[in-house]
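Sending over a structure as structure tokens; questions will come in a sec.
Read from first to last, the chains carry the letters A, B, C, D, E and F; within each, the first residue is number 1.
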Amino acid sequence: MPTYHIEMLAGRTVEQKKKLVEEITRVTVEVLGGSPNSVDILITDVPRENWATGGILWSEPRP
Amino acid sequence: MPTYHIEMLAGRTVEQKKKLVEEITRVTVEVLGGSPNSVDILITDVPRENWATGGILWSEPRP
Amino acid sequence: MPTYHIEMLAGRTVEQKKKLVEEITRVTVEVLGGSPNSVDILITDVPRENWATGGILWSEPRP
Amino acid sequence: MPTYHIEMLAGRTVEQKKKLVEEITRVTVEVLGGSPNSVDILITDVPRENWATGGILWSEPRP
Amino acid sequence: MPTYHIEMLAGRTVEQKKKLVEEITRVTVEVLGGSPNSVDILITDVPRENWATGGILWSEPRP
Amino acid sequence: MPTYHIEMLAGRTVEQKKKLVEEITRVTVEVLGGSPNSVDILITDVPRENWATGGILWSEPRP
């Protein structure tokens, strides 16, 4: 029943997502127990203009 | 003031969303009291390649 | 598979939560189809000192 | 290390987002201390058909 | 109507929260327009054992 | 920079959380690249009375 939300900058391939959710599910079951089917994972692809660190959007040049 | 976030696989029509937020708001006021205008609902349409159950994305064939 | 997150000020009873999730699940299945077991609902009880509207926490007197 | 999620109706310009994240980061450091680089801000542009108040989507005419 | 969620390590005082939500609301209205009453801010106080960076919980000693 | 939110029923030990965030961070770096320090993970312990599946809270007996 653990539910994951993963936010990452847009641009990852479906192959990377497939591999990531497979691995995340595997380690979750190893550590917490339960069945793989109880693990839900939702990915959010965040555009660079919508994520800022240090007050600067990732779409902008960094000093 | 209750705030809802609803995540669902992309593909629902605006008619379904209209009906859903109307009903959710109605039952919320019935159960919790307060005014309909205090209820906010935000919907996220999740692409199938961004939701996994059991370690498999919903964009992939399931065994 | 729709997943709800509901944020509300802390203080609701378990009876209210029981009724709310029952009703939300029912209207979701009516409008979107699918089975009740595919509907997950997570509630967050928000302390008044952690929610602000108009720049004022709900734990403070309002002008 | 504070992490912000900001949800707003889609339609703001990148200039507005640049200014907003700059100001949010500045006031966060002023009030909480820490370094600007520890502040992450993620913006979600919400389509009008995905946000409802009072049971009515913002894409619909309001009575 | 912008809605903020702020996650930070637990331990901030109510005075800091009061100041923070006041300032966040002010800069939001300056940059985006609208009225202060349309700005909602929800704070989550995260226990150190529930936040990890670099694979290490903040409740643990860092190498 | 990927940011995880993990929601799970309350009751896991700190040892389980330590192991989980270590493993999640490791597989994230393996699949997506980047440095471990760019991975943030936030855990939410959800009380059983705040999570429902099939319209029934997990604090209640299931039919």
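One rule holds for everything that comes next: a contact is a pair of C-beta atoms (placed from the backbone, for glycine too) under 8 Å apart; a residue touches a chain by one contact, two chains touch by 3 or more.
Note that the coordinates shown come from a computational prediction; the quantities given were computed from them, not determined experimentally.
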Neighbouring chains common to subunit D and subunit F, by label: A, E
Label of the chain whose CA centroid is most distant from the centroid of subunit A: C
Fraction-based call for subunit F against subunit E, same above half, different below: different
Inter-chain centre distance, subunit A versus subunit D - centres from mean C-alpha coordinates, in Å: 20
CA centroid of subunit B to CA centroid of subunit C, Å: 12
Junction residues of subunit B, two or more chains touched: 3, 7, 24, 40, 42, 51, 53
Which pairs of chains touch, using the document's own definition: A-B, A-C, A-D, A-F, B-C, B-D, B-E, C-E, C-F, D-E, D-F, E-F
Complex interface listing, subunit F residues touching subunit A: 1-9, 12, 16, 19-20, 23-24, 27-28, 30-32, 51, 53
Contact footprint of subunit C on subunit F as seen in their complex: 7, 46, 49-57, 59-60
Residues of subunit F that touch subunit D when the two form their complex: 3, 40, 42
For the subunit C and subunit F complex, residues of the former touching the latter: 14, 17-18, 21-22, 24-26, 35-37, 39-45
